[in-house]
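Scrolling down, you'll hit the structures one after another.
Next come two complexes built around chain A: one with chain B, the other with chain C.
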Partner chain A sequence: MGSYILKRLGQSLVTVVIVVVSVFMLLRLMPNSGYFTREDYVNMDQAARTAYLRNLGVLDNPFVQLAHFAGGLMKGDLGRSISLYPRSPVSSIIAEKAPYSLCFGLASIIISMSLGLGLGVLMARHKDGFADWMGTLYVTVVRAIPSLIWLFFIQLWISGLMGWPMIFYLDRPVSWILPTISFSLAGLGWYAIWLRRFMVDEENRDYVKFATSKGLPRTRVMRGHILRNAMVVLVQYFPQQILLTIAGSLLIESLYNIPGMGGLLVSAVRQQDNPIVQTIVLLYAVLGVLGVFLGDLLMAFVDPRIKLADCSGKGA
Partner chain B sequence: MKKRIAGISLVLALIALGTAGAATLDRFDGTYIAEGSSFRYFYTPTTTDQKVAANTQDGLVEQDRYSRFVPSLAESWSSNPDFTEWTFNLRKGIMWVDSKGAKTAYEITADDFVEGFRHVADPKNGIKNLSKDIRKLIFGLNNYYLDLVDIDSGKKKDITRDKALAAFEGVGVKALDKYTVTYKLNVPTPFFLSFLVMELFLPVEKDFLAQVGPDFGVGKDKLLYSGAYYISDWQRDKQIVFKANPFYWDAKTIKVKTINLQKVTDPNVTVQMFQRGELSQADLAADQVKALAGTKWAASIYSDPPAADRFSVTYWFVQNFSSSNPEWKAFINNLNFRKALSYGIDRVKLNELDDPYKPASVIRNTVIPEGQIYDEKGRDYSDYPGIKEIRAAGNYYNKAKAREYLAKALAELTDGKGNIKGVQAAKVDMKPVAEFQVDGKLPLQMLYVHFNDPTDTKRALLLKAMLEDAFGKENIDVQFGQVIDDMFAESVEPRRFDMIYDNFRFGFADPSAQLGRLITDGGINDGQYSDPEYDKLVDEAAKKYILSERYKIFAKAEALFLDRCYVIPWKMGGSVYTITKVVPFTSPKGGFGITRFKYKGMVVEKDPITVKRYEQLKAAFLKELAAVNTK
Partner chain C sequence: MTAITRGAPEGPAILEARELSIGFTLRGRRLAAVRRADLSLRQGETLAIVGESGSGKSVLAKSFLGMLDKNGRVESGSIMFQGQDLARYTSEKEWLAIRGKRIAMIFQDPMTALNPLKTVGEQIREAAALHRGLDRAASRHAVLETLARVGIGESELRYRQYPHEFSGGMRQRAVIAAAVACKPEVLICDEPTTALDVTVQAQILDLIKSLQADLGMSVLFITHDLGVVASVADRVAVMYSGQVIEEGRVDEVFYDPRCPYTWALLASLPQLGVRGEDLYSIKGTPPSAFKTIVGDAFAPRNPGALKVDFEYEPPVFQVSPSHWARTWLLDPRAPAIEAPETVRRLRERMKRRESGASAASGGGGLA
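Here is the complex of A and B:
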């Protein structure tokens, strides 16, 4: 197991390095005209534009820039924003924004996981019954209708109906409700539909038929055999989903004016703010790879039949 | 004089009556769409940055609600006879304030203005809006700046950076004593005050700047405040709260003590929030105005272009005189065709896309906006002979005249059998915007380039329909090219267009701000035309520094320029409908610098201002303005 973990950590490190270096180099292929607006071209002559770019550091050799980035990283310095929030330290920008996305993300995971898994069990247990039909209807609606429509509907109508604020205020907890619900709805459907699917699959397996024919109560079969085995497939995604809540949601955060991470990457890419882009890519890559790794460990923990390392100790 | 005073008193009494009884608030709740880049107020690329700079910092002078330049941190000023040296006398005992609204130990002195400009002039500080025009205006600045650029690039090695920085002493911005700052200019500049309302000329406290170093302006506690407000609370991408500066030199004019700006990106949410009483003001797009028709809110929706922050922006069509499309190049270099084009564009129809209710009211036929600059006798530049007639013409659209000029152009440019003289079949390569084949015959193929958003696409379709209707499809075939993000980088700069439109702000209080950069090889001569007669007039006008003489020649130049249709102006910026609790005409007005973003003097009421009340206040204000301008 120890060697497996070490090997996976090594692979993860290589993956992260490849992702970060690739994105770093791709960013340097962007044309420098992106740093100037029409007004800048009117105001600045060539000498002023070149001086501006030189001071940003984007005229340096890309490998020199990479070395600076890596050197800073070793010292815990992620650099400063160059165009989106000029001169603001990237670390403080992320430290300001990430807690909002994390809090809403974790709250929505708790809600969507508990309600979604509950709904999934209910749908599987009453397959083709009313609960199943209603659950399927919900999932179909949430997935088929563009999210902007129902998100805007929730924001506009429910806030009006309940007399709640339309946007998020840190000091007014009632304004947290609608964004949390909005964050949760799609995830709730995802958990429900996949758990139902895996439980229905398990229900048709021989060991379930055998347990039922032995006279085990249906509740015990559902809980002790079907649910447990169906969950094995799902649990591997949990760590990644939890870790990547830090990414936030571009749409929901924008609708409710939540100052989270949602739009940061897109804005930074649009404005060619390399220090912010490369830091976010690094962060997401690390969390993504770590999530997959922890998912595998969790799966092995939930289902002892899964061996991550072979008997010879060479690793799976 | 007595009559005038009586008139003003009457108008003030009318305004007082207009506001009498209305409950006022000491709080304004507004929105912003894009987060500001930082609180480094010398560089303000977004509207939010400009609001921060305008309300947290004061310059030497400011514009009042009539657009007059009035004292701010300078209580008086003077210039030498040829307007090349300006001296400003500062108020004494005004202190910098921190982000808690507390008085600091630092007094605002002449050195702070010198330090501010020293900061701006160092290329390492990346102040992009230090234009080459300003570098050439201030004595010694251009050489100082370029020396630093050359040192940074390694081109200049005979002097150290520190020595070059010390040479700022030779630049024409100096503190004569603690309360006197002077500016020495390279050319006579009677309109220099309009530069001083720009963010570039704001002060900074030297010791504080040294103390915060690269963190200057990255947070509310990383700057000091000299303006009417300080930032008491700030959350990036969420909210900016301004509180009235208790030590402000002009504190009695501050009616609204708290300005709360929230970032709301969806305009529909903004309107809903206004309707629910969460905001003091909401701007409305044309479709939102339509949606509110028939509701109780309709009585409070109005548009006031001169008060809009984009009023001094003018939109014009740009024609490519050096196009790689040989058919277009032949036609556009023909004056009769350009006139036909100008008469063939229905400005009212185009403006309906922005303002479906009063499209004619946002037409602008001139390059220089009206009501912005006045000569020494109080006469508006746009009332000068030549310009006044063009303004009065309104919508230039005239199908009969368009056809008449087209017939003349066709007679000069074609052989009567549909062949364009001297033009062969060719492939026009304007990739990735467009690629098409021309055959050297009528119909003339032209490429109109536009943004790919729905409104701009509608505008393009409308333009095509009106030109093909006026000229006949047998004579013109309008093709489209689209750009996604940046018109200049994608289309203008690489010369991938036959015709586009662009818009430019009138930057400082002189016609040269626009006309001077529309000359041959001028900064915004995107069509690449050349007219020595126009260039000569602009040059001649720039040498006059008695305003009436200067304006007379500039007006002649502009009239000639417009008559020859080098660009085709068609509308002003700022056609925005609004629903607001802010009493109109109470805050500073001015198209230059950051004045228009000031909240100083603003009055906010409990209920929205109705259209009727706005009309009354407007009539009263216009009378007052006329009296002020002729004083």
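Here is the complex of A and C:
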């Protein structure tokens, strides 16, 4: 097991490095004018601009810059913001933003998972029935219509209907509702449709027939066999879903003006604030890769047929 | 090596299908899988059901457990089990009193019959605990005993293992253990050995026979293999196109078959082939289950069919008190048509086989 984990960690590290280096290099292809605010650019003369850029370090060879970034990273130094929060350390900016994404993320995971899995079970149990039909309709709508459209719809229409604020205020809990719902809707559909699908797959297997022929009530076959086995298939995707949800959403955070990481990434890219973009990309890459990795470990843990190399397993 | 003429119990029927019809709805069309079938399983006996693929054997058996697929239902007739008509059962609650507890079933493929993600012991225990009302420790103990009984050694260890750690034969033993753990009155085996290799097959058949003797079960045994019939069954029912066309003691049906379809089935036995002669095979295909069948379902494939075979369905004729058949040939007005030579010589051939080079005849034959 140890060697397997090491190998997978190695692979994950390579993936993260490739992603981060690519983004790093792409950022260096951006025009230098992007590093200035409009007034600064107009007010400075050419010499002052060059001095400013040199001071930022963006005139160095990109590989030197990369080495510099990596060196800082080793020491836990993520650099300082250029334009968004001039001179503030990126780490403290992230530390300030992350809790918002984390809270909305966790809330939406709890909601989407519990409701989504519940809906999935309901749909599988009453396959081709009313619940299944409604659930499928819901998932199709959520998936087929671009999220921007229904997110806007929720923000404008429901906030109007309920008299709730259209953007997020930290001190008005009622303004937290719509973003949380928006965060949860897609995940809810995802959990429901996949659980339903895996349960229907399991339902037709021979072991279900045999379990039924043993005289187990349908509810027990559902719970103890079908749901259980379907969850084992589904569970490997959970870490990914969870990690990516708590990392925040670009769209929703921007829409509701939530000071989280997703929104931060959008403005950082727009203002060419390289250190912030690099850090967030690094963070997302690590979370994504970690999600897949944890998913595999979890899968091996819950499925007795999968043994990780020299894992002694649960036979004993 | 036992002769076919073993004493069959002539006890009362424990499970009896009368005029049972089962239909499926498939894309808006009705398909008749079982057509007014009669079958009686007697107390303590083994009754084999034979017939070609698609003749409705599995559907018939599943109806005894209320386990027809969702699109299928019993349309008419009755299934009498210990004084109750199972054909009238509608709720799951009624079936739960029967399923697994009084009538148990084992399926063809032991590789897929067990849940791959649950320990083997747990899968046997869940049924035992439920039906016998035992707590965890007691049911676990009962399972360990059952495992040992079906020939699974090191039962403590095996209890905790997963199906993938079992070989095919061992899995079938585990499946059997789960089925008999509650000491059912009737055990239905749907081709339990088809997926296994020959030596394991024989062991599994022996196991079923010995469990039957121990527990006093009645066994309904579905198979394609007439050799298996001869080795396990007391009586045999032949199915064709959803109907039981002949039923009797194994020796009666094998040595004195009356239906043309039974003749054809026996003539196509590889074990009866004579060196140098072509093996007989039945020409044509069975009628579509979507169409209404007029007359004798086998008539179109029967070169010697009578005119009446195409017009009226043959009724049941009693050949002996323990042997009946559905064929117009048994009508007093029918011309005397004899079974083909191969089938008539079956008895002599069997005799020769049994007395003569019995050892040389090898496994899988009519034992």
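Operating definition for what follows: the second predicted complex is superposed on the first by the 290 of 316 C-alpha atoms of A that agree within 3 Å, B and C clash if a C-alpha of one lies under 4 Å from a C-alpha of the other, contacts with A are read in each partner's own complex, and residues count from 1 in each chain.
Please note the rule applied: contacts are C-beta pairs under 8 Å (C-beta built on N, C-alpha and C of every residue); 3 or more make two chains touch, one makes a residue touch a chain.
Since we're looking at a predicted model, the values are computed, not measured.
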(request) Could you let me know whether more residues of chain A are touched by chain B or by chain C? (result) B
(message) Under the stated touch criterion, which partner chain does A:11 make contact with: chain B (first), chain C (second), both, or neither?
(response) neither
(message) Looking at A:140, would you say it contacts chain B, chain C, both, or neither? Reply first, second, both or neither.
(response) neither
(request) Name the contact category of A:225: first (chain B only), second (chain C only), both, or neither. (result) second
(request) Kindly classify A:22 by the partners it touches after superposition: chain B alone (first), chain C alone (second), both, or neither? (result) neither
(request) Mind working out whether A:305 is in touch with chain B, chain C, both or neither, as first, second, both or neither? (result) second
(request) State whether A:215 touches chain B only (first), chain C only (second), both chains, or neither. (result) second
(request) Figure out whether A:259 sits in contact with chain B (first) or chain C (second), or with both, or with neither. (result) first
(request) Overlap the chain B and chain C contact sets on chain A and report the shared residues. (result) none
(message) With touch defined as at the start, can you tell me which chain C residues reach chain A in the complex?
(response) 65, 67, 92, 96, 98-101, 104-107, 109, 112-118, 123, 126-127, 130-131, 160-162, 164-165, 175, 178-179, 182
(request) Can you check the complex and tell me which residues of chain B touch chain A? (result) 35, 37-38, 40, 43, 45, 123-124, 126, 128-133, 145-146, 148-149, 152-153, 214-218, 235-238, 262-266, 268-269, 272-273, 276, 278, 486-489, 492-493, 502, 504, 517, 523-524
(message) List the residues on chain A that touch chain B in their complex, please.
(response) 31, 33-34, 36-45, 47-48, 50-52, 54-56, 80, 83-89, 92-93, 96-97, 152, 155-156, 160, 165-167, 170, 254-255, 257-259, 263
(request) Show which residues of chain A lie in contact with chain C when the two form their complex. (result) 205-207, 209-218, 220, 224-225, 228-229, 232, 302-305, 315-316
